[in-house]
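Shown below is the structure under consideration.
Letters A, B and C mark the chains as written, and numbering starts fresh at 1 in each.
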Amino acid sequence: MTNDQFIPGWMRVVLPTIGLALLFAAWQGLAEFVVSDSRLLPTPMQVGSNLYAWISSGGFMPHLVATVYGSLGGLAIGAGLGFVSGVIVGEVRLLDRAVYPMALALQAMPIVAIAPLIIVWFGIGLASKMALVAVGTFFVMFINTVAGMHAAPAELLDMGRAFGGNRWRVAFTIKIRASLDYVFSGLEVCAALSFILCVVGEFLAAMAGLGYYLRAASYDIDASSMFAAVLVLAALASLLALVVRLAHQRVVFWKYRKN
Amino acid sequence: MRDALHLQQPRAIIKGDVVHRVSNFLAGFALRLAPIGLLVIIWYGLVQWLDIPSRLMPGPLEVGGRIYTGLFVDADLWLHLWLTFKSTFAGFVLGSVLAIALGSLLAMNRKLELLVYPLVVLIQAVPKVAIAPLVLLWLGFDARSTITLVALICFFPAFVGAFVGVRSTPAVLLDLFQTLKASGLKTYLHCSLPNAAGSIIAGLQVGWGFALVGCVVMEFIMGMGGAGFLIDNSANALDTVTAVAAMVLLGVLGYIGGGVLSGIRRRVVFWEGGRRHDQ
Amino acid sequence: MNAPLPYELQLGKSMLLNLRDISVSYPSRRGPVLALDKLNLSVQPSSFVSVLGPSGCGKSTLVRLVSGLQKPTAGAVEFDGVSAGGARDDVGVAFQQAALLPWKTALENVLLPIRLTGQSVRPASERARSLLDLVGLSGFHDRYPFELSGGMQQRVSLARSLIRDPSILVMDEPFSALDAMTRENMMIELQRIWLDTRPSVLFITHSIQEAVFLSDRVVVMSGRPGKVIADVPVDLPRPRDVQTLAHPRFVELSNQLRDLFNAET
């Protein structure tokens, strides 16, 4: 099967390109000949021009800003608090035993389910989106940080104590560094989660934002605008994921070194 | 030398094995229940101590009562929960089967992998919840939309699980099957697929969580039934007791699904982490 | 000493294996690589031939050619004079790793070739059990690979390679992953098993001791591109045992091979 398939270098570029071209061709074909209702399925060109017009108009920035503030703002708060709490709990044995299992037990519930409640508490504006994202990312970051602290290799800790560091010194310089891999993996999950939660919040109740725009466009049966909004969201999410991934590789550089 | 081998004990049935297993089970059960118990106590404490009005956040007793009446007396919660379960399960099975098939296929054929790779990257880049309104637009206000979104959202983890699992089949096993003139299908069924089982089930476990998310989100925007609808509807009506009750039940659903998959994983992939006799 | 074999195991099938003018080259990032260069090698029926050679000389490629995993770029692999293409039912293969299916018991692993060719498993079960007894694993037929040591897994692999009563047995350094004591035991065991069933054997190894102990002839290969540089007959009487290892002729042959081997590396 795969062990005797040798792929020459040029094919590694040509095949994906063909695949991409086939994808667009299929899309175009479907839109033009099968559905042929641009309100339901626009062609790639129509989406492109819709996107261009939208960005050039004044109606784009308010929504973009709302979503970016909601997700990144919430991410900063939630992941930041989650990390700090995680370090503290990971370090204090009593809290670790009591709180960590609780967090793990709560994981089973999909965090989007609390969105309507958050909106009741925080209202329709930006605050509820940030709060929702903050709660979701806090949770993930907390669990990952504690798990990371658990994973610090015992030899490193023994070494640290042997060199006479006091307890918090040991925690900060050794445990935290060792847990960074988990922390950044958690951050990658949080990055995706932040957009998901923000968009869902905007679906439910909002005054602006890409999710709000998306929902509004669906009421107008304007698939072009919906596609445009989805593309912008995909671009944002990918950009954030890339940034976090790069940061992960730079900070936890020892994992990616090839010896 | 050869004789030493024959001195090994055949596996004996441990007396009191059943008693052992039952007490282990109960201990594990208690261990899992303890954090939840602690959570409920803290919840109760916070609501009492901070004097939070029930319309803002109800306490555990109220929610427990609502769950009881909702499941066993009026059974109105049951209906929505069942709806969510059906849609989630159907979408989960659909998405997972497609994902496993596609993942296996791409793992076994590198040319196909390169061809389809852009599609996979694009699918992965889009946050699936953003597609929900589109799916609703295309498929209408019924279960088909929910099932489709769930299938889309839980596709990726199972896909990766299958791809990585099949790709990691040891080359020597594939060689073995080739020397036995086994067809591609036979090799897949008897060699690659069992080898990938652990990875696939791990992907399914993640996928189940995603699936619930997809279902709830679709129910939010569709507004026709299910736990998501219930939460949104009752929260808007400031009936927070029902909303929180529905959230708790959703958590239970997520937990049960994860538990079932864990159990399946333990039984199916029994060979990982075993003990050895030494020659 | 050796108990008479149960009926199912009394064989006698063997074949003439002939590699004629074999060349193998394969594509790589830096251009085509020549692994074997017009190599000629034959194994007479019922004889045991070892191949000694440095790492990377193409020994494993030989195994792949004979077991049907690979076709030569030039030349032919002939079984009883007939040129072959692809895997054959009458060739048994034992790899460097035991290559057992971790989710199947030892017995089920031995029966794998039967199951995959669609034949009925039940009649072969008895034979499989006998083979497991033969390799010294009676009572372990229902164990899983993770319950067996490396040596035991290799024994299962050996039993599996014999289940279809092969005329030719090709073995790719099957004991190289085992510790020294186990290797020596397995070497003696293999001779015992071979003497009972006597297929033609092509045995790849980098252990001079194994090569001399087990074989009728030892073929020495050069480094890449692989060619035969020596073909040394081993005229020690059989059955050979632990005492043979100290026999002057054994030592003489070992030294001879060692010199040839070192001249190559």
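We take it that a contact is a pair of C-beta atoms (placed from the backbone, for glycine too) under 8 Å apart; a residue touches a chain by one contact, two chains touch by 3 or more.
Since this is a predicted model, take the numbers as computed values, not measurements.
Chemist: Based on Cα centres, what is the most central chain?
Modeler: When every chain is reduced to its C-alpha mean, the one closest to the whole-protein mean is B.
Chemist: Between which chains do we find the greatest number of C-beta pairs in contact?
Modeler: Maximum number of inter-chain contact pairs occurs for A-B.
Chemist: Once you find the CA centre of chain A and the CA centre of chain C, what distance in Å lies between them?
Modeler: About 54 Å, centre to centre.
Chemist: With chain centres defined as C-alpha means, what is the inter-centre distance between chain A and chain B in Å?
Modeler: Whole-Å distance between the two chain centres: 20.
Chemist: For chain B versus chain C, what separation do you get between their C-alpha means, in angstrom?
Modeler: Computed from C-alpha means, the inter-chain centre distance equals 46 Å.
Chemist: Return the residues of chain C touching two or more other chains; collapse runs of consecutive numbers into ranges.
Modeler: Within chain C, no residue touches at least two other chains.
Chemist: What are the residues of chain A that contact at least two other chains?
Modeler: If we look for residues of chain A contacting two or more partner chains, we find none.
Chemist: Going through chain B residue by residue, note those that touch at least 2 other chains and give them in order.
Modeler: Answer for chain B, listing residues that touch two or more other chains: 175.
Chemist: Residue numbers of chain A touching chain B in their complex, please.
Modeler: Of all residues in chain A, those touching chain B are 1-3, 5, 7, 11-12, 15-16, 18-20, 22-23, 40-41, 98, 101-102, 104-106, 108-110, 112-117, 119-121, 192, 195-196, 199-200, 203-204, 210-211, 214-215, 217-218, 221, 223, 226-227, 229-230, 233-235, 237-238.
Chemist: Considering the complex alone, what residue numbers of chain B touch chain A?
Modeler: Those residues of chain B that touch chain A are 32, 34-36, 38-39, 42, 56, 107-111, 114-119, 122, 125-127, 129-134, 136-138, 167, 169, 171, 174-175, 184, 187, 192, 209, 212-213, 216-217, 220-221, 227-228, 231-232, 235-236, 238, 240, 243-244, 246-248, 250-252, 254-255, 258.
Chemist: For chain C, which residues are in contact with chain B within the complex?
Modeler: By the definition above, chain C touches chain B via 64, 67-69, 86-87, 89, 91, 93, 95-97, 99, 101-103, 112-113, 116-117, 136-140, 143-152, 182, 185, 189.
Chemist: For the complex, which residues does chain B have touching chain C?
Modeler: 1-2, 5-6, 8, 10, 170, 172-173, 175-182, 186, 190-191, 194, 270-271, 274-279
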